[in-house]
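Chain naming follows the written order as A, B and C, and within any one chain the residues start at number 1.
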Amino acid sequence: MAIETLEKLLAEHPFFKGLKKEYLELIIGCARNVFYKPGEFIFREGEEANEFYVIRDGKVSLEFSSPGKEPIVIQTLEDGEVLGWSWLVPPYYWHFSARAVEPTRAIALDGKCLRTKCEEDHNLGYELLKRFVTIVEQRLQATRIQLLDLYGSQ
Amino acid sequence: MKRERSFYLAPYDLNKDFEYFKSRGYKDFGPTIRDEAIVYDEIASVDDLPVGWMDEQAPGFYRLKKRNDKAFFGYVVGPHSWKKFLFPPVLTLFEAKRENGKFKVYDVNTANEKYVFVGVRACEISAILIQDKIFGGGQYTDPNYIKRRGNVFLIAVNCTEPGNNCFCASTGTGPRVVAGFDVLLTEVIRDDLHYFIGVPGSEKGEEMFVTLGFREAEEFEIKEAEKDVNEAINKFKRSVDLTDAVEVLQENYENPLWEKVSEKCLTCGNCTMVCPTCFCNTIEDVTDLAGQVAKRIRRWDSCFTMDFSYIHGGSVRYSVMSRYRQWMVHKLSTWKNQFGMLGCVGCGRCITWCPVGIDIVENLKLFKESTVKL
Amino acid sequence: MEVSEREILVVEKNPMLPQIFQIRSRKQETSDTFTLELEPVEAGVEFIFKPGQFNMLYVFGVGEVPISISGDPEKVSRVTHTTRMVGTVTKAMGKLKKGDLIGVRGPFGSSWPVDKCSGCDVVIVAGGIGLAPLRPAIYYILRRRENYNKAILLYGARTPDDILYKHEIEKWKSRFDFEVYVTVDRGTSGWKGNVGVVTTLIPRAPFDPQNTIAFVCGPEIMMRFTALELIKRGVSENNIFISMERNMKCGIGLCGHCQFGPVFVCKDGPVFSYSQVKNLIFKREI
């Protein structure tokens, strides 16, 4: 797929809004298109976390597996959402599995490549971390509310 | 301004008033001594009144003491208020009977009792008017209250000696009675004198004076009475500026001062029981053992109880602090939002009857002084 | 059924006396929630209410509880309630069958301002059983669909088994003029829909914040967070409406139990605009 199209997609995405053009180009250099069929794993719990994904369309479920039980879906993500931040945090492995629920198109970004670039240029690192912190905060908040089991009988 | 006629009544003339109403099917209720307190109960004659008694009141303190005269109304207010007659502590709202697998509902409040309230103070009239607004002035009304209220003949009495806990001058509800009565009495008692000035406040009141043939009072007799009433305002031991109470309290919900003012509170609910304006109640549905007859009963309730604010799983106000805060903020602040006036008439009962002597006036002053704004 | 006029009490005279209604149908919605359709025993009586209002329902000899009306405001011959079995009265109500009688007092309370705007987007956010008091508003809006621009429902349930009105939701989903998004806190096997709290549906819901009214109903925490998410997107506080719940004994503003600061939830509410309650809703034990 042509790099220019990817560039347009990423530049328009709210997550990358405000990023300097040179950084955007840098990131494009680490990006590729991916497609997953329903049921296909995007990554598995315990694997090395080397990429993060921007979902273009489809639906992804975040799951934990437990012996003797059905996998537990803790959250689903859809179009426009960003998946995966473990590539930023040592020891860089996935804490849960991500699986496509519907046919899902996404842009995969090479985390390892980006990590190196962030070490070299801390401004890029800061820009990316700022954005990821927002996502982590949102997920944490949503998780906390989920924990409250608000609709439970007590 | 048209001045109402004033009548002269000798002390034992009051018995004629009681008889007048008894013969017309009324029950006379007034102050009387029971269990070392002055309460409101049925009275037959002036001998049932606390003649020659006064009440010493302080935070958490109430004692009767003998006066050195034989005044009929030489005290202020006790643990009862007139709400026990208009808004009874227990009232059956309806009965439901099961018949052939179905049920029907029957109203059981068909009685038409008539009451004379003897010795109502200015603060108490204000309290009655407040409850008139609550039970009779909203979109939904209480027909039982309205019926009872319509059957009341109110004989008010001017206070000439405020009690230690009284602060009706601060709430603007006394000590002088200005309206809301059928008959207003002012007691004049000196070493050698004892009489009442009676003023009618309604047609029924006028009718009573005229029928009983009391003579009109002389100017000097009226002047003596006026002197006592005028001087009452200077005898208050307790006062507070309530102008900004509404704002101060609603702006200080999260002030840590609440923990302090409520730390002694036992949530016993005495204050709500003795308060003449407190109207919270609860509805109980009960049934007989066979499950054939059910009743709905309304009882007095108190916002201090643990489950007053219970909703699935727990009470909204589970801490003592929050329940004390609810009562005080309601009484002196949100009541105004709800009904257009403060809920407090300055009678001081809550201060007297609190077993640990929590003082709503002192507490309000603390909030006014508090500079912590959260 | 034959009932003498003298014995049935006229509610207008005394708002504490219930009218007798008969259960016309009973449907189990989820393991602990059921819907009753009631009809007045007295012939020719219509029951008229506004979306968001509630009734005080009386189970003979057991007690009375406030339950939101969950039916269609246009259908005046019957009144519908969806109830969750959480206490003595609701559990007793859950045991009643078709043909049994229930006492009804109401309708009480304020209603969803469904006519507040013309041509605006209307967003309905429901959590758990909060969908029940919103359903009458949905019926109302769908009947007058041309008065609104977009109509969106965001509904969060605990698990797929706890989803209310499953058939109706399918019907609503199949409409082109009603966007319905359902999510659950916890998925079960076979659930291919969204998993996550309902607030996560707000950032991407396709409404124009400058031209939106929102009706929110569910547990208080959920309503608080939902309101904040809506405000984050730019919806005005005056255009966000929530439905509050407090202990109620009389339903008519005379028992004092449902007070929330200066308001009575039974008569000033239960529907409030967010701007009305925002000062108190984050404070504890009010």
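By definition in this document, contacts are C-beta pairs under 8 Å (C-beta built on N, C-alpha and C of every residue); 3 or more make two chains touch, one makes a residue touch a chain.
Just so we're on the same page, UniProt names per chain: A = Cyclic nucleotide-binding domain-containing protein; C = NAD(P)H-flavin reductase.
In this text the structure is predicted, and so the values were computed from the model without any measurement.
Asker: Please find the two chains that have the most C-beta pairs touching each other.
Answerer: More C-beta pairs are in contact between B-C than between any other chains.
Asker: Which chain has the mean of its C-alpha atoms lying nearest to the mean of all protein C-alpha atoms shown?
Answerer: Chain closest to the assembly's C-alpha mean: C.
Asker: Approximately how many whole Å separate the CA-defined centres of chain A and chain B?
Answerer: From the centre of chain A to the centre of chain B is 68 Å.
Asker: On a C-alpha centroid basis, what's the spacing between chain B and chain C, in Å?
Answerer: Spacing between the chain centres: roughly 40 Å.
Asker: Any idea how many Å lie between the Cα centroids of chain A and chain C?
Answerer: Using C-alpha averages as centres, the distance is 37 Å.
Asker: Can you list the chain C residues in contact with two or more other chains?
Answerer: Residues 86 of chain C each touch two or more of the other chains.
Asker: If I count partner chains per residue in chain B, which residues reach a count of at least 2?
Answerer: Answer for chain B, listing residues that touch two or more other chains: 312.
Asker: For chain A, what residues touch not just one other chain but two or more?
Answerer: If we look for residues of chain A contacting two or more partner chains, we find none.
Asker: In their complex, what parts of chain B are in touch with chain C?
Answerer: The contact residues of chain B facing chain C are 93-94, 96, 98, 102-107, 134-135, 138-143, 250, 253-254, 279-287, 291, 294, 296, 298, 301, 303, 307-312, 316-319, 321-322, 325-326, 329-330, 333-334, 337-338.
Asker: Within their complex, state which residues of chain C touch chain B.
Answerer: My answer: residues 1, 3, 7-9, 13-18, 20, 58, 60-64, 86-87, 101, 103, 245-247, 249-250, 252-257, 259, 261-264, 267, 280, 283-286.
Asker: Please name which positions on chain C make contact with chain A in the complex.
Answerer: 32, 84, 86, 127-129, 156-158, 162, 183, 185-189, 191-197, 199-200, 204, 218-219, 221-222, 225
Asker: What residues on chain A touch chain C, complex-wise?
Answerer: Touch residues, chain A against chain C: 59, 61, 70, 72-76, 78-80, 101-102, 138, 141-142, 145-146, 148-153.
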